[in-house]
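There are two complexes below, and they share chain A, which is joined by chain B in the first and by chain C in the second.
== the complex of A and B ==
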């Protein structure tokens, strides 16, 4: 029997109309729900030789964002992090940052780039006027140089100049006590290595004028073999060695210097040793290497810091890095600033961030401050100590004195023509 | 430039011993990588741009074997044998398909595998750097020879590389397989016509080259950090060695590698800011005076 279509609207058409109606009725709610989310963009290094640092930055941010979201979000808006790989290339970092704002609709940026990329992202922030917190670049000029100052950019990172002052002060104390006058340096041959070593030597000679640099080595970044550098230093017979090699380069250097028994022949000051990425990888860590604190859960020696380090390890099955605590602090600052501003508007948050002091597990006295004059982080725990081959790796860290840091930093800025 | 330091070192037996062994160590590891490169080029006429990956795999295989068994000898064996097998598979499955192709196509295939191999390492062992650690047998104070410092592990390293060089040299010159390989390099068509499986010869040579690079990686693993992409910097220096020594020449690879090692060790004293530059300068001088390299043969 042939079926005849009944007059009127078909069942299919009715369903389609109902569906369309439901969508149009619900649309404002969907839109409102989307507006309740706040997107924060983050270019960082997720591939290549230093991917571990970028990954640890992402991990730390997500750990803290989870807490903020659980507590109700930023002014009632849940945070959605949009994290993209820059491959450690400045031009890619700038492209990604611009895309995150213009295409993905991110209202704020966390710049998880190393120094080279952070200047590129800084220019994007200058151009777009979006709130930007630098979370990884330690190059002092990023915030010390007034030409870089823009009202919407902040730096939540330790600084090379602070490390050099504290490290040189610590090293000078040991140099005087042990009569270490002949020093050698061995640092990677690029801007960070040259600048950091130069600043360290400058302050070392200021604190201990008898010190003389008798040998300098500048191996290239990511050099696989340091044998000729090690033997050159042994020939020079210095009493102490300073190095700002880092990551895999530092661990290679230690392994290769170890079999020449270098560490029993001189005092070694390696600013980047006390970071779990290096401490846990070196199989035969010599006792007694002097190092600055990058991140260790025992400094500052507070329950809050230890708990944070353990929580990170429990979630990601590895210890955090120096980049981790800086990124976590950036989320803490943002949360506090939004609460103070009562809004997620970029300009209002930037105003609230300027000069803001917050409670923080990584503060020298339990707090850290976003200094108003250059919108940079101060008051974080900074110190030097000596290594042992097992946990806690650096059992006794001597804390740096922020009054001295501020004093000498001001002099340094003046000498550079920044003030 | 610090010529006083260089002159002072040349006049001091202790410094001379330390810097010469330092040069030998750098040179011998480079030789192991470069000789595989030059062997593959000599026989297969392919510039194996992915050769550094075998050095990387050798180091990772050795580290894994050492972690699993605690045996250093087994770690070395795994590093060498694992990369030999990898070399054979790589040659048979991929490289053998582009022998007759344009050089650019060969380079493209090799470069693709540089990236693929790096990602494979990243997926298996992770992106972060690793360290194998020095076996306890070698965690001993260094030896002092004429006042110069020589770590025992480096003596082993030099010894293993020397033995490899001798076996390779004698094997190619005297053994029947060596003669077949040399014949295949000169006239593969004739060798094939004589009933010899040239595919097997090519695969074997590639496996041998990979094995030598893998052995270098395994020997370097206790003193160098392991990262995806670690083969690249070694590859660049190996190319310099093969260019200096002459593409296809094993003796050239040995002499070239030792010269580069000595330039680095003594150059770091006399020309601390120009050590890398010295290597390239030397290469330029060799290329200008002998375009085929020190031991390379003129192409008819």
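== the complex of A and C ==
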């Protein structure tokens, strides 16, 4: 029989040798690349009814991280985001956060959780001592309550109390000008709805003492049918209505209230209207709804903000949300803090972050600050305006005054026993 | 029949009395071995995630196995078992935050509270059968969930118990140390399973099986069906509550989601996955579900689809839990080998 295989090194052996050679040459490179990488973990909500919170947060983070990486990364280390779904369950949020740090080797956390999940991640940060920036939870107590203070956790998010102060002072101005004395409220029946409405009413009465609340409605969160609520409000015949419904609840409510021509019968103040997620979904957006700014690319009216909004739209084919600008700001803060600290060490970065002021497209005066005393975001653009049915939706937003916000916020903290 | 044969038949029947002690010793030995194995785990593997995994297994395992005492052993399909999981978490968390008592005191006090609440709810529910029982338990669960949401001054509403759960050290055990928490959870799991096993294998446990198979017959031979059902309802609630306490310690807080119907749903799913005819079925189901959950959520955000397909596979494909399947398979092999 004729031998087909020639003596000497076979093709397989050659290939194996080449492979081994390549691995041994590449190994130090791979190892160095890994050491240079810095992983940032982010538990957020990517499934279920509020999945948009997670997806629009993720989009914004990735958009900004790309820029930081292109500019050389964090102290020379490229950022790798590890973003994982918590399904909006606090126990999952805690588990995912721990897994990100303990297994995936993330050195920092962005907490893209809402409400209870953010408190769960906060406890993980307390336990593991890892640097954590909350980017979605608007619950004021997360940073106002001194029991929550830990040196390694920050909040880069707007706050319910700030919105209420600005909203009430804006609404009081209109109430006085138009003589709106009889008010109704309609807000979702859970902590956020109750707290925000309570604070709004408190400050509205402070600024315009002759205002009177004649009707209150508390529809359930994610309620599909608002007929009874709408008819109840119409029967009470108020001159103005306040609502902090949000997202799908707000858009369903407006669509259903439109049938009863509610918006021509009273002035409506809906704090969460001016967000593209709501503005673009409502079938017939009524003219003249008063709303706080969530995210709108015309406010603050700067070219930087408009450019950022357009860049986001160009990349993802949808407008950013309120969560988007907050997450983008968190990346900007982190970048600036690492530059200031000259290191990616969590403790040093945390020290640098405390009290840090950075240039930012979403700042009221072009800058935002991570206030030192409670490690929370202040100085962001906050204001109210009225809607029109087409772009730019809220053409003219009246900016809130941060001096008043600080003054009343301090009073509020005292009244809650926080200071 | 010959006279001789008749005489033999007439002799008093010898009832074979099974001595339960050897089996109990065996169970205790298995429990000790399992605990030793779990305790050695951190020495072999340094992974903190593994410890997290086992802690979560303890919490859900106690919960699911206690649910099986109702579903599998007594035939009471409870859709509201999660309320006791939530009650345990909130009771323990609040006790530690508000009163500052030592951990064992808070643990026992939470069990006492659970017992009282389960006693009241159970007294109403166990009178009902099948779907009515299921729905009334679900209704009570939603009542407790709504109470947690609306009693904001006490529970923190939908934001949950904030500020962490204080853990003063006791008897040299410091639960803020992760390893101590791990060992404690394992101990609670093993003790809990052992106790539940004893309940299941006791005459009371067999009474429960009888009630499941034919409640009328049980009542005719003099068993107080209502009392037996209520007893097991309360006992199962206690173990679920212990599971909730482990979870509260793990996340250092308590959240309304712990008392939501989805937790009860997960319990039922775990039982379907692991199987309800064997004692360890729910424990196997717990491990399976958690592994499945953790790996799938790592890979995709469309975990709902994957988990749904798995449920369908077990419900329609296998028509039983994994442990049922394994036990049957072993029995078949034995039969073949024997025959």
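Everything below uses one rule, namely that the second predicted complex is superposed on the first by the 390 of 419 C-alpha atoms of A that agree within 3 Å, B and C clash if a C-alpha of one lies under 4 Å from a C-alpha of the other, contacts with A are read in each partner's own complex, and residues count from 1 in each chain.
The rule is short, and it goes like this: a residue touches a chain if its C-beta (ideal position, glycine included) is under 8 Å from a C-beta of that chain, and two chains touch if they have at least 3 such contacts.
Just so it is clear, the model here is predicted, and its values are computed rather than measured.
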Problem set entry | Partner chain(s) touched by A:96 [first = chain B, second = chain C, both, neither] | second
Problem set entry | Contacts of A:120 with chain B and chain C, given as first, second, both or neither | second
For this session: Classify the contacts of A:277 with the two partner chains as first (chain B alone), second (chain C alone), both, or neither.
Result: first
Problem set entry | Partner chain(s) touched by A:415 [first = chain B, second = chain C, both, neither] | neither
For this session: Would you sort A:218 into first (chain B), second (chain C), both or neither based on which partner it touches?
Result: first
Problem set entry | Which of chain B and chain C A:229 touches, first, second, both or neither | first
For this session: Please indicate which partner A:367 is in contact with in the superposed arrangement: first for chain B, second for chain C, both, or neither.
Result: neither
For this session: Considering only touches as defined above, state whether A:47 meets chain B (first), chain C (second), both or neither.
Result: both
Exercise. After lining up the shared chain so the two structures overlap, which partner does A:404 touch, if you call chain B first and chain C second: first, second, both or neither?
Worked result: neither
Exercise. Residues on chain A in contact with chain B in one complex and with chain C in the other?
Worked result: 47, 51
Problem set entry | List of chain A residues in touch with chain C within their complex | 46-47, 51, 84-85, 87, 89-92, 94-96, 98-99, 102-103, 115-116, 119-120, 123, 126-127, 139, 141, 145, 147-148, 190-192, 194
Exercise. Residues of chain A touching chain B in their complex?
Worked result: 47-49, 51-52, 55, 216-218, 220, 222-225, 227-232, 234-235, 247-249, 251-252, 255-256, 258-261, 277, 281-284
Problem set entry | chain A-touching residues of chain B, taken from the complex the two chains share | 5, 9, 15, 18-19, 22-23, 25-26, 29, 127-134, 138-139, 141-142, 149, 151-154, 220, 222-225, 227-230, 233-234, 264-265, 267-269, 272-273, 275-276
Exercise. Can you list the residues on chain C that touch chain A in the complex?
Worked result: 47-49, 52, 56, 149, 152, 156-160, 162-164, 176, 178, 247, 250-253, 255-258, 262, 294, 297-298, 301-304
